[in-house]
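Here come two complexes built around subunit A, the first alongside subunit B, the second alongside subunit C.
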Partner chain A sequence: MPERRGLKHLRYDVCIIGAGADGLAAAAHLAAHGLTVMVVDGAAATGGRCVTAEFAPGFFASPFADELPAIPPEIFFGLDLARRGAILAPCERLSSFADPLRMAVIARVLADASCNPHKPGVFARTPAEEPYPGEAWASRARAEIESTVAPEALCDPELGGSALTLLQGAPGGLVAGGLGALGQALARAASEAGAEISLGLEVTDIRQRRGRAVAVGLSDGRECEARAILSTLDLKRTFLSLFAWNELPKPLVERIGTFRPAPGIARLLVALSAVPQKPDVAQLRRPIVLAADPERAYHAWKSGVVSERPPVTIRLVSAVDPSLAPDGAAVATVTLGGIPHRPFDGPWTHDKRSKLETLALALLEEALPGTASSVTASELIVPPDIENRLGLTDGDLMGGELSAAQMLGFRPFVQCRGTRTPVVGLYLAGPSSTLGPLATCASGWAAATAILCDLKGQP
Partner chain B sequence: MSGPLVVIGAGLHGLVAATYLARAGHSVTLLEEAAVPGGMCANRVPISNFAVPPGPHLFTALDPRMIKDLNLNLAFVARDLPLVGLRAEGQPLLLPRDVHDVKRHLASLSQRDGMRFAAFRREHFAFARAMRALWWEEGTLDEPARSTLRRMQVTSAAAWLDGAFESESLLAAFSFDVLAGGLSPAAAGSALLFTWRAAQEMCGLQGAVAIPAGGPSQLIAALVRTAESAGVTLRCDTPVRALDSDGESVRGVVLANGEVLAAAAVLSSLSRRQTLIDFLPPGTAGFATTRRLAKPQSCGEAKVLLTLSALPKVFEQPGRYVIAEKLETAAGAHAVARTGEIPADLALEIVALPTGGIPPVLLSILVRPVPVEPVGGWKDHATRLVQTVLHRLELHIPQFTGLVSGLAFVPPKHRDPFSIAAMMSPRRTRIETPLKRLYLCGEAAEPVPCLSGRAARIAAAMVAADLKEAGP
Partner chain C sequence: MSLRATPFHARAVEANRLNAWENRGGYTLAQHYGSLAEEVLAARFGAVLADLSWQWRATFSGDAIEAFVARAFTRNGAALEPGLSLEVLWLNDAGGVRGRGHLVRLARDRFLLVSPQEDRDWLFSAAALYGVHCSEQSAAGMLTLIGPTARKILSVAGIEAEPPPCGLVHLTWRGLDITVSRLGLGYELWCDEDSGLIVWDRLMAAGRPFALLPAGQAALETITCESGLLYPAGDFAPSRDGFEAEPTPQRLGLCRLMDRAHAFNGKAGFLAAGRDTVLSGLLLGVETAVPPQTLNHCGMPIGKILSCRYSPSLQGMIGFAILSGSWPSGDIEAGSVRCRIVDLPFLPIGLSPDTSQSAAPGGRDGTGGRPRLT
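Take a look at the complex of A and B:
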């Protein structure tokens, strides 16, 4: 390797790829325990999905989601997020069935993370594995439990195994100032704990030595050595684009290649010149869910078509947080489920986008009559946009289908459950990991727990 | 001994159970509602000058022990039939039992799949052997089998196969099998069902994927002979009206003509739903069971029979032929069928049988997935379905319609809802019912609905042991 003079040689205990909620939570946790941490992100700002942007003069909205799955309380308080500016508006509980199960899964992953899987001795017996919490739900259909399907977790509710999609989507509540405020609070927590955050710097590859991930290559040509590397990218991006194609065992690559994506979503951010009126003001604060045929929409998505009536959630975000819109105006978001990343007849074109926008506006008009005339600006986000901006494969915010075979102990796959991956020294958090779709920050926290355990021998 | 026994339904399962029990020294009465025994295997569907059975056209899983124990001396027209996937263009894809042959046939499509197939089969074989402990014997699973089972029960067949193979034609050839049991190939656990089916074939069981000489009715004839020589009293034209129970155990059966037959134990080869809901006063079977059985299976398979004046060249090689476009569309087709419509992309399994008469060829076609109860009934849909099938055949065989001289249609049968949980429960739970002295010995007692005779043999042994334990 040629000598690179003038460049600082980078050496950290942990290198975290991606400055999203998971990456930042992990960074804060690790730095607080005295490890040197570097967070690398290709974007110009921290937060990943937790960003809020001005999409029209004076109008703000979070482009990728209005709210994220709830942050487990111990993590929320552990990071002291409330004092750092993440003020959550309380939300209404939509489903309580999955809550105990979600807690049990989080507890299980954290417990697994904090025990070092020692090399078994010569005569050690492999103990019978404890079943994962929730395996009994793995063959049940979602329709048996709940009739509505959220756009983010679109599935065929009649199919066995779809019950597990209920685990996704515990509403975390809207953040005052949009999700961006949460992102900033997390970034503050990480940097105050002593983590270094490098923005605008992409990771080009993960380098292995003697079968162990030891360093990452950065886009400015430097190499960052680390005792542990934590990726918060999705599974395919982590393994298929950060490793040279022949460096990983073939079965592992094939296994990762068959990981299935979830139905994508599209979002329309709408600036309204007037606040829509409803007899009951409280009604405007709640998300509006229109009746849809999720079964049809799911199969339409499978064949690369946008369903005529996809599941949709409409939210007047400015009714909860007035700071997002100028006085007397409003911001609404329309989230459509089952949007193909690549339609069957080729990539997204201007025509297809405007057709989808028309559909979204029609649905908005149906939910909030009279809004059509007050639309002053709008921005449509389809899966390829999400892929470009967040770097998620196929623009899939779920990081992989929420089918029974890709949930709980099977997410992303058995050898990679929890956060440790088959590559020693590489840890996985983010959407594709077990906790990714269940809770915000939790997968990063679990990964940090595992790294602390492996590097320092303590939980 | 401990009193007379009654077996309901003189199909394959009923006959086997009755024979085993009679051989164990019990006095057994076998009740059949129709005029002739055989059930789904009896020649009941008229077509041209013949009559054919409404059930499956080949046996995939006949129990070798049953054949040996009962000295059936079956002759087969064909054994170990290969799976042949007909393709829109190019040679049909032949998948015989011999792995090396399969490798050779697959080589032209995809080298990788050729290599993969052997491993895939080995994996299935090992798994099937391990699962014997759960499906057919008394025992516990070892740890590797348990972990495979856990993986299978959450995986869909479509994802399972997609992960294993890349060649579209090979996947399409499996399209028919993945739709077994009325389950969607995208449902969690359908991988387990598919594996069971494949494992049956691969275990090299006697008569796996075979057509007995003279058709399924010859097997029934042989079984009836054995049953009679064992001393079974066969009563045809004797429908059962109800089971005589005191709410806790069953004491006998009530026939449609009012006659009451007392029995030390009753074995039913009918479906769980018929046995526990139709024959018993409401609530006897328990709330949970009743609720589970209330909703019948929405998807099933229909049968289309055609007589041909000549055998098309395509079908000269013996085999079960599958026509399906793509594996990916199977889940979508199932979703359409579930709503009560006939899907556009159907998967067909075709077996060509010589009739030995005129017209000389009988084409037996199973069609999946079709709604069990289509919107508006089968009246109009049957014609449309047959037309679709003919159209599909015409695409693969030019001037096919000209060969057809007669046709018949068998709508799908009502079945118990299939559950993956039943495949993972020990055999005793499938055979026993909430009522004492009432047992199931038919398809409902199999891990997967099929005609094998195995469940009946096991049920008979279990009943005999239970009676012995109860004492004289």
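Take a look at the complex of A and C:
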């Protein structure tokens, strides 16, 4: 893990806000091309959601997700992540229906990123833009294509446009040692390429001069100038927290204010004193999805309540990676979809948490009979916990709802599609960007490509 | 030709969901039991159990055994302590590589050779010249257990004895006489033909909480390649003509297995074959395999690609290169394919991410980790 360094000088080519997967991938890409890069993160460790925590003595799990959307192979191989310690298990693919389309969207965003739309001296009329791949899905309902809905991408499957949730990145597989190993591998890639990583340091604001983002203010009172600023925070936190409201055009602020969050998730990390028994060991290695009514769960979430039967994925992570549990014991995770950030009757209280935990344990017992008696410890994580720990607005790991108005060329909104934003010099990666929900590291890679193109004229 | 079954064949039949088989050394073996990638990666998360009974095994014993092994093999086995082994080559008279294997000293006057390639006629004829008695042991069962939880599985199964690296121990395991060794990437368990199924069942039961999977030969090849070892059965064709000087150890990047301090068969041919070479790793920026060809830097040949394959762990194509001289920093080309030279192993097996860092490429100029020729 890179140690916290003091800032040697406060002028860099690129300042990256957030040391998550996208920020670190972008830092590695930019630094490898000779730019001076600083990554700033208020957290004490790199990785963002790529962390592994010891939630009970000897029991480890990744608190926010078991696995992330797959990293495109060319990025994984190019950053040499396996040799830096990120070994990913192959995952059981539920569907590969959307894979070609997802790859086409990634290719489109990368192609757009490598063309500078503001290149001086080019007066040719801009041709009409090709529609984004997959825009035909904007009027289709998910139920027409597939019946199952993962808790992480909950939607009303009967609604037009819900088919776009299928573009959510396919699981990339469990990481040996938990997601923290992936975060560390990315941090190694960035720091070995020459990027500086500064932890425990918040960015307080983004400063503009003559309509261009030119510096960030830091929580220690200093200012860091940069030729390009890349934010990997979510859309609302980037524009509504790091700019004064009167610095941005009112329509822009209003558009960002109406950006809708995705249904939240809750996670229960469970320490088991014994390994559950199943006749077929292979079943224990796979995610167990319990049947639920996604439409009901979606509308319950919109009303601020937890469905009686939310969509659930149960994973015995130690069956694939025994290093997460002591010998003879096991670690299971329960991921529940459609969990409101703020229940209709007020914030999350101890009682509400206890009820949700009881529900999650009952679902675990249903999936793996006999586990109730072997539970020795557990930790529940609800959306406000995610917001506190990761700084994501509303604890929304998806970075915004996957709906027709907020996907493809409309994500996060038309003027901000891809990676460039209406504020010259400011780039957006992370969960709210076009590629955020589609693949891990891809939005950071695309933003780095755009910055290289704009600053150096290199694709 | 009828194919033989190994002592573990009955269990392989039960586990082989896809009915994918291959022939190796005259035996019918599972190519893969389920997903190849899952089996390869299980060796990095938990452990895999694979059948090695197809390997050729022969014992040599007699009064003149030390003189024979010193002469026949490229490293001096006569200096070994009982219970230890050496990885060796044997060459023909002209210096061509006939075979590669592990030479194990079982007792003061008894050696065992384990090799993926059988060379009975050559070695047995040579042994006869020294009055050394030879016999084959290929009917016995041999399993390999590879992965970070392999040691725990053995302990849970009741095998506490730990053989030294490149060594073996004999023991009685709940009524069965077995041998445990560490000659390859993990542990090898040797047993009688009749007790093969019992050994398999005991290990699978002990490995249940430790993510143990059976692995086929395809996964074993990939794991071996990722670990930086040329897979002996597939990466070169041995010289079978007593006077054919090809392939030389230099051409295969196997100079590290040559002990110049002692006289061995084919030494003159080896010395005449030219400068030593270095076996190195290649990361290839393509999605399909590249055939063996010359490696260039700025149009100048610097070596040759030996073989390459897809690595599920690295999610890309990896290969072996034989480098014959020093080269400047920068990208290397194989035809139109850009490559990067890296240290071997690509990914050490059974080590934590922190320790595998030592195999990572070096500084920002991308030149770190390149082997240096001496």
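For the reader, a short list of remarks on this structure follows.
As a convention for this text, the second predicted complex is superposed on the first by the 441 of 459 C-alpha atoms of A that agree within 3 Å, B and C clash if a C-alpha of one lies under 4 Å from a C-alpha of the other, contacts with A are read in each partner's own complex, and residues count from 1 in each chain.
The rule is simple: a residue touches a chain if its C-beta (ideal position, glycine included) is under 8 Å from a C-beta of that chain, and two chains touch if they have at least 3 such contacts.
Keep in mind the model is a prediction, meaning the values are calculated, not measured.
Placing subunit B and subunit C on a common subunit A by superposition gives a fit, with no clash between them.
Look at A:K456: by the touch rule set out above, it reaches neither subunit B nor subunit C. Between the C-alpha centres of subunit B and subunit C, as viewed from that of subunit A, the superposed structures give an angle of 130°, to the nearest 10. Contact with neither subunit B nor subunit C is seen for A:K355 once the two complexes are overlaid on the shared chain.
In the superposition on chain A, contact is made by A:E158 with subunit B only, not with subunit C. In the superposition on chain A, A:A176 makes contact with subunit C only, not with subunit B.
By the touch criterion stated above, A:V320 is placed in contact with subunit C alone, subunit B being left untouched.
When the shared chain is aligned, no partner comes close enough to touch A:R212: not subunit B, not subunit C.
Greater residue coverage of subunit A by touch, when subunit B is weighed against subunit C, goes to C. In the superposition on chain A, contact of A:R255 is made with subunit B only, not with subunit C. Superposing the two structures on chain A brings subunit B to within 36 Å of subunit C, judged by their nearest Cα atoms. Taken together, the two structures place no residue of subunit A in contact with subunit B in one case and with subunit C in the other.
Residues of subunit A that touch subunit B in their complex: 126, 128-129, 131, 135, 138-139, 156, 158-162, 254-255, 258, 260, 295-296, 299, 302-303, 403-405, 407, 410, 414. Residues of subunit B that touch subunit A in their complex: 143, 146-147, 150-151, 153-156, 159, 162-163, 183-184, 186-190, 328-329, 331-332, 335, 338, 419-421. Subunit A contributes residues 31-32, 73, 76-77, 80, 82-90, 174, 176-177, 181, 184-185, 188, 192-194, 275, 281-282, 285, 319-323, 327-328, 330 to its touches with subunit C in the complex. Remark: subunit C residues 34-35, 37-38, 41, 44-46, 148-149, 152, 156, 208-211, 283, 285, 311-316, 342, 346-347, 352-354, 356-357, 359-364 touch subunit A in the complex.
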